[in-house]
Structure formats: structure tokens, C-alpha cells
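Chains: A, B and C, in written order; residue numbering restarts at 1 for each.
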Amino acid sequence: MQLSLLNQLRQENPVVLNISNFVTVQDVANGLNALGASPIMSEEINETKEMVHISDAVALNLGAFSEEQVKHIRKMGQEANRAFKPVVLDPVAVGAIDYRLQVAKELLDEIDVAVIRGNAGEIAALAGADWTSKGIDAGQGQGDLVEIAQQAAQKFHTIVLLSGADDIITDGKRVTIVHNGTPLFAAHVGSGDMLSSIVAAFCAVDPAGVYEATRVAATVFARIGELAVGDQSTMGPGTFTVNLLDQLQLAQLEQIKQNIKFEEA
Amino acid sequence: MQLSLLNQLRQENPVVLNISNFVTVQDVANGLNALGASPIMSEEINETKEMVHISDAVALNLGAFSEEQVKHIRKMGQEANRAFKPVVLDPVAVGAIDYRLQVAKELLDEIDVAVIRGNAGEIAALAGADWTSKGIDAGQGQGDLVEIAQQAAQKFHTIVLLSGADDIITDGKRVTIVHNGTPLFAAHVGSGDMLSSIVAAFCAVDPAGVYEATRVAATVFARIGELAVGDQSTMGPGTFTVNLLDQLQLAQLEQIKQNIKFEEA
Amino acid sequence: MQLSLLNQLRQENPVVLNISNFVTVQDVANGLNALGASPIMSEEINETKEMVHISDAVALNLGAFSEEQVKHIRKMGQEANRAFKPVVLDPVAVGAIDYRLQVAKELLDEIDVAVIRGNAGEIAALAGADWTSKGIDAGQGQGDLVEIAQQAAQKFHTIVLLSGADDIITDGKRVTIVHNGTPLFAAHVGSGDMLSSIVAAFCAVDPAGVYEATRVAATVFARIGELAVGDQSTMGPGTFTVNLLDQLQLAQLEQIKQNIKFEEA
């Protein structure tokens, strides 16, 4: 796996434009900044074209789900397509709320999305698979998660990153399963949103190799989570968040490379 | 006091739907999540009915006070009433801003609220008592806080939780005064909002016993604040926030039960 | 330099009203609160007049840049002028986005601003100087930053605080350069926004001496950043943020006075 993309990212300092989830926006901005990217956030449609122009990748988070924001998301996605900037979509809560699922599908029709990053419940809903989400959480269901991720990727012609205890990355055919990570990601509300924007940052430095960029992003983030926990047996979510931000900046490629655990299928 | 509701909450993992204060939304989401509830936040009226349907309790925070959000608050409260989900109202800054006080009273007319959680200035304003708030802070005034809380509870037919150095919980007749807590709660801007949503989480696990759920929530939160401080003599608000999130997840019922200090009047 | 304004601020606990950047709002509220001011935030134009009335100073952050928020910013600035409350403007990203630059100039025509606080790219854009911003970051360019700051101050008849590795404070003639600070401010997304609101807090306690209040604010904040780092050689942005909030509350005037490094030109 081309983990050295991390050093390229830190050198190039790509600008990542975000439609952000209002719940986690500061966390995501700090996470991108700590990793070495340059975050910008916008809530105003009149500046979208200029914002896209100065950006290297775009992350569209459906956590911001007012009608006005959906208009903004559509416009930003279309401008990004026109400017050939890679687009990452985070379909927050489409597994729990039908209204969101409908809107997300419309957006996927109108925007050429490079990567969809969601949890099991969200990806299953997009794939049309049988699954029960719980609130915004992943929930549980029948069915093989790898197959569900592949179905979603084929249906929407994108890379899918289904994140959870294992992360599954697929373009519909190729599959990578990343076994790294920590349960503490689930104790920190912004983890998924942060990962989505970090995927965009990696796509910015390798826009031609989106599958590779996505699986590197997932692996780097999972390993950084492990480094944030270290050898502490009990850690609360407050300390984890602090350590995660620290390690996003401080963790070196050599540390991240140790103990990488992934398989290709 | 039925403190074992905490373990029930952690087991049942209730979904708490929030109209959140944009200032503190991430903090509240992380606090609910750390304690063992499942937070969802929404800013879009078109998804309100579905959001209420998948939730176990609703927290309406008047920190989000644009006209659009007030419409959303009204709709969410009414949907929650229809679905018999308990509603907690946090009347942010009604003690300082007359416009807010008027709107809050209208909402209390239109929505059946189970619990109002506010500081002394906010509850006094609702009760019509003589009090001087300072900005969004509690301020100071004449009059007995227990009587003021009882007046507000009687006037609006709700449970009132007046939080401060002591927390006062009343249904208009019964009164519980919780002496636990720490001044560091006041050094952390999100403390009150977090408590309001945590009250909603406890109401979700005991919707029939809202008075009990509210005083347990206040006591558990106050004790967790004490555990976050521990035996450190000097602590800043940054460290306190981290420790608070840690203890919301890590504190066990046995630790919380120690040193409970409350009286019933 | 009149650093004792810090103790006056902590004693008077001024109310600072903020139009806040949605990315950093919680951080700014916690920062003001930790320092000893009382933060209030608003998103609703109907309460603007009352909000201004109970406030001692106003900070207008252009990070909140939807059309609705710009209307709100205009109204709040004008109400503050009418009530003789000092106004601080933070022109977020005007160095990168022309649309923002145009709107910021209009606002500066319509509102009497006491202080503009921005990074090099933002102040250069306002001054009309040659500079290349990178996203929301300062970027780099030709030209002497002191001259650029003076030009902006003369053009808009305000105090300018150009913050960066060195902070430059000028009223167009007088210049103070503060050499204190730490690179970790740049690793924490909310640093600039927090400084802008802290400048407003110092202006609240010395509205007649805005130049002095601004350079004291910059110096106190820079020194508190240094105290947050202490003698640790490697620190990540998570730990820095926690320590910064701690020191905003805990740092005493005597500690801040040590190692002040500034020059007047």
C-alpha cells in the first residue's frame, strides 16, 4: 500500500473544501489541519465557485441537511465536477431517515462522486440491502458487509469506504479490508466525519488513484487511532480526542507502517 | 434515589434527538455519546417526524434561536407530544433577552414540556420573579431559589431543574436539592446544555417517572463533575472538559453513589 | 504596556457579543469564558438590539458568511455604533475569496469598526497590497507587513492587528510589534477567531484606549500561548488546545509579564 502518500500530503498541504456537519465541524477542521491539509468550510452558495477554484478536493457531508444546505451541496458538487476536483460524499444518517436516503440518491444522480464514506447502516441503505440502523449509528443486520459495499460501489460507480470495526474499501471489484483501528473511534462523535474529509485530502494528492488514496486514508487514520490509544488499557473519549489530534500531527510514516493489518480480496 | 437508572441508560442506549445550541452542539453530542446514549441532531423540518419516530426523548435548546429554528422547535415539540416522547426544554438566555422570554412562553403554551432545565436567571424570568441576569449567565437577585423553581413548575405544569452551585429539582410540590458539583462546570460553556440533554436521556429510560429521572440525571452529572476534578486543587477548563468526557463514560455506579449529598423538602 | 488591563477584565467580566464563525464558535466561547469575559452568541436579527444593549463590546467574525448572516452582521455593527460599543471585525478569508473581500469592504463602509484583526493575507487584501493567500491561511507575498498594516489602518480609519509569527498593531502611525507567541497557534484552527474576540473583551474594559487595549490583548494572548507550551519540546495541537484553555484562566499577570518581547516603531 502506498502509505508514503501521507508524506506527500504533508508536503503539498492540499486545500480541502468542506460542506461540514454542524455537529462536528470544528473537530474536522482541526483534524485536517493537524494532519497537514488546509481546511476551508463554507455555508454560502455565492462563494462556491471561487471556493472550489482554490481547493484541491471537496468533502460533502450530509450532516448539514437543511434545504438551503442541500442546494449548496448540489452546487458545490457540480462545480467540483466541472473543475475536475475529486468529491467525497458522507451520507450521514441515510440508514435511519428515509427523507435523507431519497435526497442522497438524488445528489448521487446529479454529482459525480469519487468516494462514498459511510458506516454499515448508511452503505446498506444506499445499496438497498436489509439492515437496521440505530439513530445515526451503524446498527446491525444480515448480510455480508463486503458484498454490500461492492453493491453500493457498483450501483453508484464510485469507490466505497464502509468504515467500522474493519474498514472495507472497494471499487465494486477490488476489495481491501483494513483490520487496524480502535473501538474508541466510536466513542468520539466526529470520527466518521473526520475520516471522510481526510479521504478527500488524500484524493487531492492522488486524484488519479482514488482507490489507492482511499485505502491509504483509511489505514493511516486507523493506525493513528491506535497510536492515540497507545498501551493504555482504559481511556475515555475526552483523552482519546486530544491524543487523536496530537497524533494526526505528530505520527510519523515509520510508526504508521508498523503493524499495518490488511487483506485484499 | 434511583441511581441505578444510569446502568439502565447504558444498557438501553436511548436515542436522544436534539435541537442543539450551535455554540455547544459538538460538546453535547460527545457528552451524550460518552454517557451511553445515542445523540442525533437535526436542523431540517422536513425530517422532523421521522427523527422523532426513531428517538426515545427530545431536548429542545433555545440557544438555536433563529426564526427558522423556532419553527423547527415548535414542530419537533408537537411531534414529540403526539408520539408520547418526553420533551426537555432549555430556555437559554430568557433571563437576559425579552424577545427570547416571549418566544419561550409561546413555545411552553404550544408544547407539553416534561422538564425545564435552566439557570437561576432563566427560571426566575419564566416564573416572573425579580432577578438580574448577566448575559447568558445566572446573575443574581432577591428571593428564595426553591420558591422560584416551584413557582415556575406550577406555572408551566412541568418538572423544573434549576441548576447552579446547588441543583434544585421540583414538580411544584416535591423538592430535591442536590449539593454535589464543582465550580468548574461554570468554567465550561457547554455544561448546562449537556445537562439538559442528559436529563432527556434519563427521561427516555424512565418516561413515567420524570421527577425521579430528572433528579437522578442532575445527581449523576454533578458527581461525574466531581470525579472529573478528583483531588486536584487547581484545574483549568480545558483539562476539566477532557476529564468530564472521560468520566461520563468511565465512571461506575459505585463511584457515583459515594458522597451523594442531597436533601428533600 | 498596560498589561494590568487583564486584571481589570477579570474583575469586570465584560459581556462580549459575537457573530461567530460556525467552525470555531465553541472554542471562542470557551476561550472568552476562561479568560474572564462573558460570551454571548446570536444568529437572530430580531434580538440584535437587545443583545447589543446588554453587551460591552461586539466581535463580528466573517466566518459566518451566509447572506442572512451578513445582514445580521450589518445590523449588529450599526446597533453597536449607535450604542457606542466598540466593534472588532475579523475578515475571515478575504485574502482568498473576492466575494468576501467585496462584502467586507461594504461592511467597513457601513460600520464604524474600532479594530480589524486578520492574518497577513487578509490584511493585505484589505490594503490592496500584493499577496497570495492559501485557502484561509496567511499565504505569502512581497512587501513589508508593517507598511501593509499601516495602509489598511489608514484606509479604514481603524486599529489593525495583523497577527502571525509576529503580531503587528497599528493605528496607521504608531506601530507595536509583539514577538511573543508559538507556532502551535497555527496548528489550532480557532486561534485567530479567539484572538479577535479577546481583543473585543479588552476593548470593553478600555473603550477609550483601543490601541492600547488591542496591543495588550495581542501580548497577553501570545504569552498565554507560550505558557500553554511551557518547556515541552514536542506538543500536538490537541494538547495545546487543552493547555491554552487552562492557561487563559490560570495564568496570572506576573507570569504574563515575564519575557514580554515587543518593540514600538
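What we mean here is this: a contact is a pair of C-beta atoms (placed from the backbone, for glycine too) under 8 Å apart; a residue touches a chain by one contact, two chains touch by 3 or more.
Molecules present, by chain and UniProt name: A, B, C = Hydroxyethylthiazole kinase.
Not measured: the values here are computed from a predicted model.
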Taking shared numbers over all numbers used, above half giving same and below half different, the chain A (Hydroxyethylthiazole kinase) and chain B (Hydroxyethylthiazole kinase) interface sides are different
Cα rotation angle, chain A (Hydroxyethylthiazole kinase) onto chain C (Hydroxyethylthiazole kinase), in degrees to the nearest 5, is 120
So what's the Cα centroid distance for chain A (Hydroxyethylthiazole kinase) and chain B (Hydroxyethylthiazole kinase), whole Å?
33
Among the residues of chain C (Hydroxyethylthiazole kinase), which ones contact at least 2 other chains?
22, 25-26, 241-242
Seen from chain A (Hydroxyethylthiazole kinase), its contact residues with chain C (Hydroxyethylthiazole kinase) in the complex are 13, 15, 20, 22, 25-26, 29-30, 33-34, 38-44, 46-47, 50-51, 54-55, 68, 241-250
Per the touch rule, the chain C (Hydroxyethylthiazole kinase) residues reaching chain A (Hydroxyethylthiazole kinase) in their complex are 22-27, 63-67, 69, 93, 96-100, 134-137, 187-190, 234-239, 241-242
